[in-house]
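Look for chain A in each of the two complexes below; its partner is chain B in the first and chain C in the second.
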Partner chain A sequence: MDKVGYIARKEVRHILRDPRSLMIAILIPILMTLLYGYAINLDTKNIKLAVLDFDRTVDSRELVAKFYNSGYFLEPETTPILSDPERILKSGQAHAVLIMPSGFAKAVTNFSQYELGMLIDGADANVAAATASYSRIVMGRFIEDRLPSGFELPGVRISQQVLYNSDLESSHFFVPGLIAVILMMISALLTSVTIAREKETGTMEQLLTSPVSPRQIIIGKVIPYIALALLDAVLILVFAVLHFGVPFAGSVTLLLFFGLIYIVAALSLGILISTLVATQQVAMMMAQLVTVLPSVMLSGYIFEIKNMPAVLRYVSHIVPARYFIRIIRGIMLKGSDMSVLWGEAAFLVVLTVVLLAIASKRFQLKIG
Partner chain B sequence: MVRTILALMKKEFLQVIRDSNMLRMVFLMPIVQLFLLGYVASTDVKLISTAVYDDDRSGLSREYVRSLSAGEYFITDTPEISLLEAERGFRESRYEVALIIPRGFSRKLQESKQVKIGLMVDGTNANSASIALGYANVITRQFNERVTGFSPPITLRQKRLYNPEGESVYFMVPGIVATLLTMITMLLTSMAIVREREIGTLEQLMVTPISTTALILGKTIPFALIGFLEMSVALFLGVTWFRIPFAGSWGLLYALSFLFLFTTLGTGMFISTISTTQQQAMFLTWFFAIFAIMTSGFFAPIANMPRSIQYLTYLNPLRYFMTTVRGIMMKGASLDVLYPQVMAMIIFGITIFTFSWLRFSKRVK
Partner chain C sequence: MSIVEVSNLYKTYGPFEAVDNFSFSANKGEILSLVGPDGAGKTSIFRAVCGLIKYDSGQIKIASFDVSRDFEKIKPLLGYMPQTFSLYPDLSVEENLYFYAGLFGLKRQQFDEKKKLLYQFSGLGPFHNRHAGALSGGMKQKLALSCALVHDPEVFVLDEPTTGVDPLSRRQFWDILKNLRAEGSAIIVSTPYIDELELSDRVIFIYRGSKMAEGTPGELVQKFVGQVYQLDLLPTSERMQQLNKIEGITSRRFGASVHIYTRGSHTIEEYHDDLRRIGIDPDLITPVQPELEDTFIQFMGN
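Let's look at the complex of A and B:
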């Protein structure tokens, strides 16, 4: 145990002596939280809508106001040239163009047949779908408002209730997931690089000739990084709650406990990578390819797993971030406890144990 | 001069080819990214698992549920459940939407009255929650028109241009092309120069009668060519494998990409002047690249970002290139609509490239 302590102390000195790396390990998570928290916002609430109003009546202007006051649509920043609606979309000045031929006011008062047109920029399928349904909703509301008083439109009305994230803030969804991505990045990247450095500079052999077993080396090297990663996790959590106002409905202890397990999984991946490569540079590239990319793409962090092709859905089962992201979102946003999270927890634990076993086996084989 | 540059270029190519790890990364990265993003990066909201609590149990209520699940948006194959189970299912993330149909649903409809139903939505994923609510509203309106026979006289006809099928991949592939070109040219330029410095061969080059101009050109042209090669691989796979339509002009796309390269090569050179080891160069490039990609509108629309960040995006050259590539590929845009983007790229290209050139030659001397 003493020997592990010595190795750990040596590693801590390495970290402290290289302030640039330490800065990267602490500053980058915070910067990324800010950047991702702000930049990944898929709320389709700010659809730029240009209006070609050929009716120019009080009624038509009222409908336009209804669109802009709905919370979904915005006026374009630059006044578009109105002669060519398609050009407005082509240049990206607006996402959609509402075309109101003359006769709108008459149709509204007489309830006669009338058709409005809307051209939608379909390039971003997500925004296009939202534009299509929101504009129908706004239209429907306008017509209902114009019905004679006392007259009730027959049919089904939806009364909606949003649970958990009732303000529909997407940062509340993305920032907790970000913890999983950043922890994976920091833990796997730093461990693989630090072990690769010992190999590259030849100091690994020196360590091995000393009376320390490979297992002690690995545990000693990894402990400081566990502490560093936990520190990162707490930093991001504090930032998420204080800066982004993400609610924390569940238990902090439970979250940190799972965070620890997840960090061990990430570190095991880092050790595994270090046994496969000879230089720091390749270690870094590989860590990105094997850990960061899947944690972002295949974990359900941004893109929903159920929409993926079957092969990638299967692959996602061996991505630790998949389980940790569900756990963290459950605990923070829904206040879930073990009674609902046991499935994810079991998978995460099994995956961690397997990764740890493979990594230490390979490490002893290749290096010991 | 030309011969010196060619010799330097040859050396650079030989170095890339001889390092098998490097070569693999250079060609594997774009393919992996393209396939991963092409298949995964779908922000479509569909297959929403929906719990149904039907207290009316009538033909009409069942028809309503059927019309809701007719498209590919709502999946209601879960058996009818109690309210308590719905609550639990929400927390276990088994359901995203719960539909509650009250008793008297069909009676009120038949009497041409209004009937309220409850729709609970899991708001965790804000985006899909609001889109799901939008779908439910539209489907309900259609159901009402069909069942009550009452349809509003004023209608809205919508037409989707450019990507009427709503395929996410058509939108993502042009974005990947733009990010790949940025990433690879920046990374290779910054690392190649720093490597020479790190292993001491930059001094050797300096004592040879090679001018700074020749050195810079010899160190950037090869990476520009590799960048174009990667871009072509990605475009080829996009068009043949993902069958994305290409609406605009290939010539224009390559010409404007060439214009954009001045920015990325310049940034690469700049990074090389402020880092001493390859590792630093790599971290810095990575940081610049992530920042550029995140604020370019690649994943999320710029209009959704906070005001202050929106202003910041005007300083991001990739923003203009992203609009350009998507405009040309998806909308068939040409210079008459792209001129603001082109002007911005020219200004950024000249500024960044000149600045880095000056800094580089000062550092070398």
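Let's look at the complex of A and C:
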């Protein structure tokens, strides 16, 4: 155990003295959190809406106010020429034009038939879809307010309700997944690089003639990176909850427990990579290819797995992040516990055990 | 008393035979030098002895333990210095020493005592805080040797420890090796410098993975066949070209002069006409005793 300590302390010195790995370990997770939290924003807000109000009543003005106060819609910056609604869209002054023929006030008092018109700029499909659904929501709320309590509109009403992440904030969705990506990156990439460095610089040759076992070398080398990965996880979690207001509905202990299993899977991958390469450069490229990329692209982090081509869907089964992302999102956003997560947990554990077994079999004390 | 026994060692890399039926033994209190051109198989032999590579067949025993089976028992007996600098450049001199001392199980107090001794012979004391990467070539090698020495091994394996080191540091380095020999260690070293062979107790010439000759420096010189003559003219490439065209003799640069070898019992007088033809005055040629380098070149040439 002493020897593991010597190796771990030496590794800490390497980390502290190498600005490159320190930067990868601390700066990149923070940068990525900011990037994924802000820049990759799938929320459609601030849709510019022009209004053609032919009704000009208290009621019509109230509806318009409801649109602008909803948080989704904004008034156009310049007052558009309202005689030609299509030109408003073409010139880009607004994304949509709401047209209210006269008779609105009468219709809402008598509950009679009435049709509102809306022109939507379909150039950006996301914005168009959001505009359509948001305006239905605003309309619905307006009518609900007007109905006497207990009164229901005749006919079928579609009632949409968003559960979990009810604000539909992208950051709530992305930041927990980001922890999965960053844990993978720190654990796999840095471990494979640190072992490759010993090979590349020849220090492995000296190390292997010392009375240490492969297990001691590996454990000693990964301990600092486990600590670093956990530190990163906590950093991002705190950042996510305090800065982006991501809810944390479930158990922290359960999350850290699965986090540790996931880290072991990632470390095993890192060790496995290091047994296949001779230089740090190749280790870094390989780690990107084998761990970081799949964790982003094939894990359901950004793209839904069920929409992928069959081949990629199968490949995604051996991506540890696939399971961990579901676990972390479940725990953070839904407060899930073992009763619903056991499936993912079982897959993650099996995958980890298999990876660890392969990695420890492959790592041997020979240089050629 | 022999402590290292290597018998019938074979090591191939694909179709390339790096070590071809190589046997040798090394004794306690002895410096054994391996010398041969690059790619002769020295590093492969050393790595096999240090348990770093798998070999195809043969047997390596250190202190009667088999390297391929009981390597863990051998490690504490062994001090290895690889050909390339293999310490951590971002750790200081003392941190490198402390790391290896720790791996070999030295306690803090033992280390502090050992450290003083190592600094004394290596002269690294004033640089103990310097990063290993910032040391000069000679100091790097002394640090590497110190790290290999930290656990008082009985067998030292040093792969070209003085290559690229200045002459003064080389001499100091060999003084350290002689001290270790006096303490009863077995030292196996490879070197490209022939003058260092004269300091060895036994020398093995190795070429293409095979042993060409073995013996004390004195014995090896005796193995020279033919006559050696020294030509006191600068070995310009033009002159060497002309000399090499003369059938029956072999010419080599030898420092600032030329050594000419004749075969068997032939003497240089038989070639005076050829020499005059290329403008060389035979009076500038004198017979000399063969040196170890002449013998080495002859073995490598065959």
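By our rule, the second predicted complex is superposed on the first by the 250 of 368 C-alpha atoms of A that agree within 3 Å, B and C clash if a C-alpha of one lies under 4 Å from a C-alpha of the other, contacts with A are read in each partner's own complex, and residues count from 1 in each chain.
Here, a residue touches a chain if its C-beta (ideal position, glycine included) is under 8 Å from a C-beta of that chain, and two chains touch if they have at least 3 such contacts.
Owing to the predicted nature of the structure, the values given are computational and were not obtained by experimental measurement.
> Touching A:Val212 in the superposition: chain B (first), chain C (second), both, neither?
second
> Could you look at A:Met308 and tell me whether it touches chain B, chain C, both or neither (first, second, both, neither)?
first
> Can A:His14 be said to touch chain B (first), chain C (second), both, or neither?
second
> Does chain C touch more residues of chain A than chain B does, or is it the other way round?
Between chain B and chain C, B touches the greater number of residues in chain A.
> Given the touch rule stated above, what does A:Lys90 touch, chain B (first), chain C (second), both, or neither?
A:Lys90 contacts chain B only, not chain C.
> Per the contact definition in the header, classify A:Lys48: touching chain B only (first), chain C only (second), both, or neither.
first
> If you stack the two complexes on chain A, which partner ends up touching A:Lys3: first (chain B), second (chain C), both, or neither?
In the superposition, A:Lys3 touches chain C alone.
> Output check: A:Ser251 vs chain B and chain C. Expected answer is one of first, second, both, neither. What do you get?
The answer is neither, since A:Ser251 touches no partner chain.
> Once chain A of both complexes is superposed, is A:Thr201 in touch with chain B (first), chain C (second), both, or neither?
second
> Let me check the overlay on chain A: which residues of chain A are in contact with chain B and also with chain C?
Of chain A, no residue contacts chain B in one complex and chain C in the other.
> Quick check on the complex: what are the chain C residues that touch chain A?
Chain C residues touching chain A: 13, 47, 50-54, 72, 75-76, 78, 80, 82, 84-91, 95, 99-100, 102-105, 144, 147.
> Going by the contact rule set out above, which residues of chain A touch chain C in the complex?
Touch list, chain A to chain C: 2-3, 5-7, 10, 13-14, 17-18, 201-213, 365-368.
> If you look only at chain B, which of its residues touch chain A in the complex?
Residue list for chain B touching chain A: 21, 25, 29, 32-33, 36-37, 39-47, 64, 88, 90-93, 105, 109, 112-131, 133-138, 140-141, 143-145, 147-148, 150, 152-164, 166-168, 170-171, 278-280, 282-283, 287, 290-291, 294-295, 299-301, 303-306, 309, 323, 326-327, 330-333, 337-338, 340.
> Considering the complex alone, what residue numbers of chain A touch chain B?
20, 24, 28, 32, 35-36, 38-48, 74, 86-87, 89-92, 104, 107-108, 111-130, 132-137, 139-140, 143, 152-170, 172-173, 280-282, 284-285, 289, 293, 297-298, 302-304, 306-309, 312, 326, 329-330, 333-334, 336, 340
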